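Next, two complexes with chain A in common: one pairs it with chain B, the other with chain C.
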Partner chain A sequence: MNKKKSGNTSRVINFKKLLREPVLLLSILIVFYLLTVFVIFPLFQVFKTSLTFEGKLGFGNYIEVMKKSYYIQPFINSMILGVLTATIGTFIGFIFSYAITRTPMKGKKIFRLIATFPIVSPPFVIALAAILLFGRSGVFGGMFGNIYGLKGLVLVEVIAYSPTAFLALVGVLRAIDPSLEEAAMDLGASRLRVFRKVIFPLATPGIVSAWLLVFIQSVADFGNPMIISGDFSVLSVQAYLQITGMYDLPRGATLAILLLIPTVAAFYLQKYFLSKKSYVTVTGKPTAATIKNLEWYIKLPVYSLCVFFAGVVLLFYGMVFYGSFQKLWGVDSTLTLDNYVQMWRVGKGYIFDSLIIASIVTPITGFFGMFIAYLITRKNFPGKNLMEFSSMLTFAVPGTVVGIGYVVAFNTTSAIMPFTLTGTGLIIIILLVFRNMPVGIRNGVAALQQIDPSIEEASIDLGADSGTTFRKITLPMITPAFFSGLVYSFVRSMTAISAIIFVVSGKWNLITVAILGFVDNSQYAQAAAMSLLLIVIVLIALGLIKLITDKLGQGMNSATVVE
Partner chain B sequence: MKKLLLTLMITIVALAPLVATGAQESEGEKSYNTLHVYAALDTEEAQYYIDAFQKETGIKVEFVRMSAGEVLARIEAEKENPQGSVWFGGSNTSHINASSKGLLEAYTPNIDFELAANFHAEDRTWNGFYTGAIGFVSNKEFLEANGLEAPASWEDLLNPVYTSQIEMAYPYTSGTAYTTWATRIQMLGLENALDWWEKFDVNIHQYTKSGSASIARAGLAECAVGIGFSHDILAKGIAKGYPVVLSFPKEGTGYEVGAVSLIKGAKEVEEAQMFIDWCFSVNAQNMFKAYFRLPVNPAAEIADGAIKLSDIELIDYDAVTHGMNKEANVKAWRDRIGK
Partner chain C sequence: MRQDYLVLKDLTKKFGKGDAVVTAVDGINLTVKEGELITLLGPSGCGKTTTLRMIAGFHTPTSGDILIDGDSVNTLPPNKRPTAMVFQNYALFPHLTVRENISFGLKVRGDNKEEIIRKVDEIMNLIGLNGLADRQPRELSGGQQQRVSLARAMIMEPKVLLFDEPLSNLDAMLRVSTRLEIRKLQQRVGITSVYVTHDQEEAMTLSDQVIIMKDGLIQQIGAPVEIYSHPCNRFVAGFIGKANFLDATIKDINNEQLILDFMGKEIIAPHWNKSLKQGDSVVIVARPESVIIDEPSEDCIEGTVINSVYFGSQMLYEVKITDDLIFRIEVADPQQHIQYSAGIKVGLTFKDRSLHILSAKEGAL
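Moving on to the complex of A and B:
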């Protein structure tokens, strides 16, 4: 990152460089336009809605909300939940990615696979499994006391969202050159010291991003609290219920806007925290990746945590798998295939629609997200912070609100959007692209911050333009982060619920709308069957995406011999 | 390559019309338009009725399934340019609210029987096409283990044996739970109803969000007693095979009227009106048997095991007044109960 003292001069130079590259300038303008139309504008509409109080404009809704304990308490609850989930989730995600990238642990592929299960399935499936395992009449009934409430929520969300932290961190840890550790150890540092002084500090941007991602996901989560929160009410659910239960769009919008406060705060804290250090490790010098034998006191806790977490995930999904073949989940355990037959009969159209939409959304999100990450970390231009911030916004807002914002914003034409988008498949695609992009951007930023800009500068000095440099130098180095961005986008496109329900039309129906329908109708076994089918589809797709990105990465690597 | 960045952006923009064209309508058979329906029924059930309608009339229907509250929020957000023409199903409480917001269009269905006055809006912005009463769903094993009969009155629900054993939805999140609350208000008056509920609250294990969630939860023994609509208890509890029984309070109970309405500014008015007419036809009303809903057409058959409204004690439920007063009623509840 740039040091403050050289900031002014380099800004002028960068701005001149920018003028010399009209294509870059144009794309920055286009990105700004798209972010304004598809992120800011819908949220502005929501904000405007929240200012409608008894038919007039004003802050009446905000005052009402501040006065009532039943609006304030959910806000506090959401914060407690978010901090707990993010901290535990990031810790587990870090240990997992450390084990995968830094230890000779056996069966890494299987651990990786297991760790990705939870992001692949709609979250409420985990909550359901939790009830069947730990509920009053569950398999381990009463073992942890009352599962409904904060305890159960943290358990379920940690399982659901640690994988996000894992995905974000594995790319980061992989990018840390093992020769740094070797050097430190050769100089006599102990393994723990190396970890404390080398790996941990270098991974800090990744850790902070991962924490932030999990925090935001937890705060905006809606599916799990709907099922397992008991009397512990959280803001995202309250906002939803205010809209759908009380038919009160303005106050629901007000609660949703409140959710933005912690997100914005978390975002700025992260910026402040990260602006102080440099994290460059990929400098263009040759490396040889080796993993030295680790001491038992590192292996033991790391391995046991991995095995334990994987065991818990398997237990939960084993429950889902077993449940999907039961005649009546939780009551009649006669095995049957009926659930799958019924699921297929009701849902096959939904599955194909979802696949089409997700395959369009995924590459767009991946490239667009990486491109923004690249602009943010590598280019200097006015409004850079604004770009970074607004690209994160849709992620932070509860889906219900994004969905309603989209309907209000794009149901008619306006000066900045001359087409009506509602009722088309396009609105679903756009919503998903902008909602899924932040994870790709965060991962990309974290990865790019580790790569020395001088490699790219060298390329530009040698006469290549930004485009060539991005494609030939930057892209191959961020392939792991790019891949995890693609994975996340595909998965979220297949599993998104709360925002989608407002933009789906009869022509384009998505798989999660069907799953939610099953859950609403208490058809848990069919919901489980469909979730499992979803997992299989996604795993196949992940294999394909990996194949393609590997090829892409290899092809480019050979062209990028860096001295 | 100089054009990489540009190509990237162009791809994104260029995909737009492609996808939009893909979503463009191909004209249906005859001169009918494709009818767009928002269904507040379960997917499978909605599909069941809509398939029959398509077969009978040849009109193509595209529908989205949402909860009644989601339909209302969506219609409100889309009011400048409505995308749906018919709102199919859901408790009349939500239709009444939509009507008071001016989101619905009056239509008197073309039917050959008299629809009771409390089964339609005075201005006909909504029309009720099925009904069902509030009842109790109890776990058989819990009853047996405690030597109890299924609760048969509202006072039975205050029995200390049910401490932290009863579940229902929040009155502000579900039409079912609101109907229950409005029923208590109409039976006791607001103040007495609040007092009663304060005692009742001790026995509540947790409030759920969905009105029918407590049925399966009683089946799974996560709670002993749930409160829900009789047709839901029959269809989602007993018919599914959960070990539960259905009972009604002897002092009287409230009921819902499920409504269908024409959305204001609908683009397919003729088709929408045909759909609404069809909802009241004997053919359509006979189909409710499969889901234990009670038909409003006197010529329609009733499912075996379904409870007729005439068989149970009903209060004179005033849906319109309590639909309009929902905000005040809920506020009183939340201020007293604090949840």
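Moving on to the complex of A and C:
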């Protein structure tokens, strides 16, 4: 009894303290309002819609879904796809990260660059390349039989998402102190035994978490299956087709929920496994002495796989490049610039819309994300956990679900959102801000956790209020993380498709939607040309922001530029 | 001079909820005079830092009151409190120069620009930071960073200056000279200060009063000399300096002296604690420097040297009396004495006036 009471009093005092900082209190309330309207409300609406069957509330849609293989099949297919992609992708990612962190392989930088390429490029470019390579009129047409379907989809998604596993695992393997390996070998263990008994067990939580990350991305992927899934129907595409093709919102929403459940479950499992890796030792600079003389039977397979995978990635992107200059794909291979001319004529508007929207979205996401990261790591207020949960939610939720949520939630006015947003540029901006924000928040939280809280305490102790402390002390110190958040936000704003496709309109349209349109019309060469243009824009932006970050971030803790 | 400049009343801090409540500070009471420097001393987890952070406003007390110059500051946020803190890791703003660091608080307060420049120059001069105004914190040595941190807090002219183990990141030599400087500076400016440390030597040399804490409770409050010569229980005796503890009984009492029985030998000790009675079990606190080591003889406690370490200015012996009782003995100026090596039998006697007697109850704590 007593204990409880005292807990309450100090919470009351915390709240009283908050009342003394009206600006802080007001901004917390605004953040909560925005998160409620643009994160919680759309998801809630998807749930509600999925429960509406023939005008009444109920589980009718789910019963329907369970009964008809027509609906349950996409679910099973998505799971199969997710498991296959995640397993193969994590394997490749692990070998790659092993090669980078634990072997004296030459040209590590180049391998790294190639491996991270699929992350910054639009997600469906690989599918496009697969069609150019193995499609009906492709260079190696018919070599693997029909490329449309599970086989092609797994191939494409493995290339697209094993870099995710690679990046996650590089961190994990790097954190394992090489002196552990040395100790084990010193005690008489062979290299293979060291791997089995030391490295692998230490990396297991990281491997599981990487697997789950790839699984989520694969299940939530929309662009690649849209292009290459053929008769192999998956949830994201089916949900989209139900809504845009059949105008059946309840069924689309139900499929979206079926898509949401495994991904969100996987997301929280992943967070759990990530939190378990605490026993990984971090001891200053790793001294990697043992990697100097590695046995050939380890080097050979590891190097071969790296070279092979890098080769495949280069082949795919090279094919997009090559394809963009061909007169008529598969018929007339004369090199020409016609595709670019035509792409520009048709897609000019899309490109400008994309650039305008991305340049509005990027700074808003950056500041808003940093502010939430600051509130979460540094402030105490009621509902803090709820704020963290809801602001990270859009990261776990597949884009298709978010997109459907925005359609349902903002088609009409409601008590908490008095304007209709559908069809405006604003809805695209808002969607992108809230969808890209979680990574900014995560970067911000990581950067803030590195800064000793006593530095901010010192500022407050010297009389500065929260706002002044944030502007004068915190913000300058997290600049690098802030800019890397900007990079991510810009890249994603330019390359996003799954959620965006639901909210674009005749007035506001985006470059990725245009590329998908070209593919739909089998204008592969124009699609390739536009994809290349998009990649170039993204690379220029990355370079620019890196320049700024290097200038600003001198002597400060630098954060990784790309996730 | 106000006698109750800083007052802590029944101050309590509990962390956690439900069954996992940890009481970090358990209803402590403390009064600090204006201009005094007091030290909160104790092992880690004793609640000293929590107490300091409650005074600064970074922790909200679960119950109890904090008064500074007569006013309760409980509900004031840290930025409105008349306190300034010197942080353990200095907490210098890494992106600001030394001058910008020191003037930060004055700028926030909105002081006049020329006034700020004048004050910063003055304090940099006082603290010995001349010529470093435009440096970045990372270009300074540890000692210099520590001074900037001190200057940044002192320039605010706080009613209470708070120190959170400010010397723990300095090397041993620098620590000694810096703590002397802090003491001189504090006395010159006459600023009321609360100093947290786990280093008993630091506490002894710095403070007007030492507050010994353990498990969230104050064990003893007193001037350094008082705490060293009259510790209130076994914990304090062992924490401040080193001590040998001997279980004995009171054979006889006269006005000035206790006559004690220890393993059949008679030991004389000063009679401070008047509540002790004949026949009581007591614990003798004998500091290592209060034990005299000599050739074995009739009235001495006999033992065998098991270890001897030469420190130059002193000699440290470990002498085994029984299997459970090993004496630590320090002999100053060892060149003037016979030196005993391991295995040699010796006789021990005491410098009577330096002994301190704890009741059985105090001796158990």
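Please note the rule applied: the second predicted complex is superposed on the first by the 290 of 563 C-alpha atoms of A that agree within 3 Å, B and C clash if a C-alpha of one lies under 4 Å from a C-alpha of the other, contacts with A are read in each partner's own complex, and residues count from 1 in each chain.
The rule we apply is simple: contacts are C-beta pairs under 8 Å (C-beta built on N, C-alpha and C of every residue); 3 or more make two chains touch, one makes a residue touch a chain.
None of the values given here were measured: they were computed from a predicted structure.
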Chain C versus chain B, contacts on chain A by residue: B
Which superposed partner A:T468 touches (first chain B, second chain C, both, neither): both
Which of chain B and chain C A:E457 touches, first, second, both or neither: second
First, second, both or neither for A:V504, with chain B first and chain C second: first
Touched partner set for A:T420, first chain B, second chain C, both or neither: first
Which of chain B and chain C A:R136 touches, first, second, both or neither: first
First, second, both or neither for A:K67, with chain B first and chain C second: neither
Touched partner set for A:K109, first chain B, second chain C, both or neither: neither
Doubly contacted residues of chain A, that is, touched by chain B and again by chain C: 465, 468
Residues of chain C that touch chain A when the two form their complex: 12, 14, 17-18, 21, 56-58, 60-63, 74-75, 77-80, 83-85, 87-89, 91-95, 104-105, 108-109, 136, 138, 149, 152-153, 156
Contact footprint of chain C on chain A as seen in their complex: 3-4, 6-7, 9-10, 13-14, 16-17, 20-21, 452, 454-455, 457-465, 468, 472-473, 476-477, 555-556
For the chain B and chain A complex, residues of the former touching the latter: 1-6, 8-9, 11-12, 15-16, 19-20, 22-23, 34, 36-37, 42-44, 47, 61-67, 69-70, 72-74, 76-78, 80-81, 83, 94, 97-98, 101, 170, 172-174, 205-207, 209-210, 212-213, 215-216, 219-223, 236, 240-243, 326-327, 330, 334, 338-339
Of all residues in chain A, those that touch chain B in their complex: 23-24, 26-27, 30-31, 34, 68-70, 131-132, 135-137, 148, 226, 230-231, 233, 237, 241, 243-249, 252, 327-328, 330-332, 346, 360, 364, 367-368, 371, 404, 407-408, 411-412, 419-420, 422-426, 429, 465-468, 470-471, 501-502, 504-509, 513-514, 517-518, 520-522, 524
